[in-house]
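Below you'll find the structures, each written out as structure tokens.
Consider the two complexes below, in which chain A is the common component and chain B and chain C are the respective partners.
Moving on, here comes the complex of A and B:
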């Protein structure tokens, strides 16, 4: 019988202790953010989808070496190039320029292999995270076009 | 305790738990043959989110397989990537700078605390208490913010590289981690008062769902499940790897074998992880975070390699059979939850269904890791 009552006593006490803790939490400051009205700044290393980096003239730094395409575990990157003739020191030379850089973001795992494998510093992560859509095609990014849009 | 049941086959019915039951945190299905509220027989059905990670590992280069490892257990992903890089480094003979190993240990332990915190919240929610989940998530958020700042991701990290890390940690991280430790210690005390002492909580766990050490051995259960059954086994102590021998920490073991013991093991483990983080931050040496000498494309010598690590859920092993090529000939992932879950069928026979759900919560299942 004694055990019965001591258990009731213990039980009531434990519930009161618990309620005391939750009650105190009432008066703690709010920690949540009212998204989408408020947003927080992404950290410097945040990995969004990749983006091309432009050189001083606004052209992509990419030299179409294909390293990123080969390194990508999921095959998200499709490159295209055209060759143009440029004059260097009076001599006409052939040079590849980037004509297409497509990223299939539906497959991307944001692993960063492409950025790390680029020896020309031509890729970076964007800070974009508001990416929601009901259509798959919205995630096939044409990075060259995005770069031009940013320049314009 | 559940009373012995009278088997009358004509009166049982089949209860289908899942495949998308909120209490099982993933897509697991359990077919239960019920006699009233008592379970006569249960059968777990797997494979709803199977993604063939092992096969992918055989078709990708070792570096390309890195992001896959963090998709096994999305709550404690760093432990799994740690196992993979350790296996490759040992097989290929890559020297890892000390600083990198320390940072790995610190981040893995932070991740373990985050994983246990989420489990704690979800477990109490399974039992019907909602507020602890909110408090746990609030604490976990601090860890995720810290890890995001160094790794660039919040859950599916791809931070370790063969020979080191993707990036070094900065002073902000070290400051934040130092601030986090006392905060977490205070929170642990709060959880103890709020949940561990709670009469309803205790009544639902104490003496419920005994899992004997024998059964753990039979099914190969590891981690907190085995340590709650009195088996003193932790890969960090028993087969030390990385810089763990440098740290002073204990392995919590409980002998009660019930759901409460498994709960207590995890709660104590958080404190031990904090101790490791504290010592790691103190001892963190200067130096490079990436090995200088390392091959550009990794090719392992012909052979058979195995590496086990202690993740938040138990012993995770990765076995690589190499034929000397850029990718593995055969890759096998031994995931702890897969073994831990399989004792559920045997242990829950004759249990009340509500006890069985609490028991399942105490096993800390992460389904994508079972269906890897």
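Moving on, here comes the complex of A and C:
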């Protein structure tokens, strides 16, 4: 019989403690981010899709070695190059420059092998996470164009 | 004759409007309150503080198609939401909001309200049975067993109050408590020192009667999809919710009248409808507060609470009050 009443008392007390906690929480400020209106800065290690890094002149650092294309386990990177003639120390030399860098983000698993394998520091992860679309084509990125848009 | 008919129509229209507005804005208050407790802002896009959310929700519910699942019992399926809403509105008729504001004061007001309240269980049973959905049936079985077991302590505590007042008239019960908070039934008076406990029992029972958390086993989302209203969309669902919130208002009003002195001011000044509204909305705020504090109980815990704790204590209080009334 004593156990019966002590159980009721103990139960009631724990209920009041719980209600006290929610009462205090009620008056505390909110902690949520109002997403479409507010965004938070992504952390340094956040992996978005890859992005080309520009050099001082705004041209891609990429030398079209093709290591990223080969490293990609899903085969989502397609490179293209054109050769132009440039004068170096009075001699005319042929040089490859990047003409196409396509990323098929529908297949990308964000493993980061391309960034790891780049010997020229020409690739980085973007902080883009607002990627939503109803069309597949929207996830075929032309990174060269994106770089130009960023430079502009 | 025509005047009385007009009176009835006006009273019914006001009751429906009051119930509907309350249902709409209590949903808003519930969502905002829950959000504050969980440290979110809650609905805040539509209108200032999200105040346009309820009418927009209403428009959305009303424009949707009413679907009847194949194999459902059509009549019961259609009757159930109406049956959830109608008794709740009927109960408003006899509730005295102040000395002068009552649609129709009845001598057996307490009985009328309890009679209508017990029809709510019927609506849930019809909805569960009519939907032809196993989750709905399970939910309605739970809800009905819960309503049956919580009506007993609720009625016993109501009888205790009725005994001390000597009347079933809600207006008379309020009047008997007028003149300051020390006359209210909740405070241990000459009648019985257990009255505060009776108040708590009555409050718990009104929580359980309205199927609210932590007693919302009838709509346990984690186990039974959405409980008895799983198959309801559009305004069928809307009516269930209007009925639920109307029942909450009635539960709070009844608690106020039976225990908190109705429209009486705690300091004996300016008695009026505002005190009544203040008290019921404080009680409703507590309802919301409790809902977002406690997790759902199990059906065994629920029934044990009723049969092993609430009923013995309320019976003991009934006997004690009867004895003390006889002695003094």
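Remarks
Following the convention adopted for this analysis, the second predicted complex is superposed on the first by the 148 of 152 C-alpha atoms of A that agree within 3 Å, B and C clash if a C-alpha of one lies under 4 Å from a C-alpha of the other, contacts with A are read in each partner's own complex, and residues count from 1 in each chain.
Keep this in mind: a contact is a pair of C-beta atoms (placed from the backbone, for glycine too) under 8 Å apart; a residue touches a chain by one contact, two chains touch by 3 or more.
Since the structure is predicted, the reported quantities are computational estimates derived from the model, not experimental observations.
Of the two partner chains placed by the overlay, chain B and chain C both lie in contact with A:18. When both complexes are overlaid on chain A, the residue A:125 reaches chain B alone and has no touch with chain C.
Contacts of A:73 after superposition: chain B is touched, whereas chain C is not reached. By the touch criterion stated above, A:31 is placed in contact with chain B and with chain C alike. Look at A:9: by the touch rule set out above, it reaches neither chain B nor chain C. Between chain B and chain C, the partner in contact with more residues of chain A is B. Once the two complexes are overlaid on chain A, the chain A residues touched by chain B in the first and by chain C in the second are 15, 18, 21-22, 25, 31. By the touch rule above, chain B contacts chain A in their complex via residues 60, 63-68, 71, 131, 135, 138, 141, 145, 148-153, 156, 158, 166-167, 190, 193-195, 197-199. Chain A contributes residues 7, 10-11, 14-15, 17-18, 21-22, 25, 31, 43-47, 71-73, 109-113, 116, 125 to its touches with chain B in the complex. Of all the residues in chain A, the ones that touch chain C in their complex are 8, 15, 18-19, 21-23, 25-32, 34. Remark: chain C residues 33, 35-41, 289-290, 292-294, 309 touch chain A in the complex.
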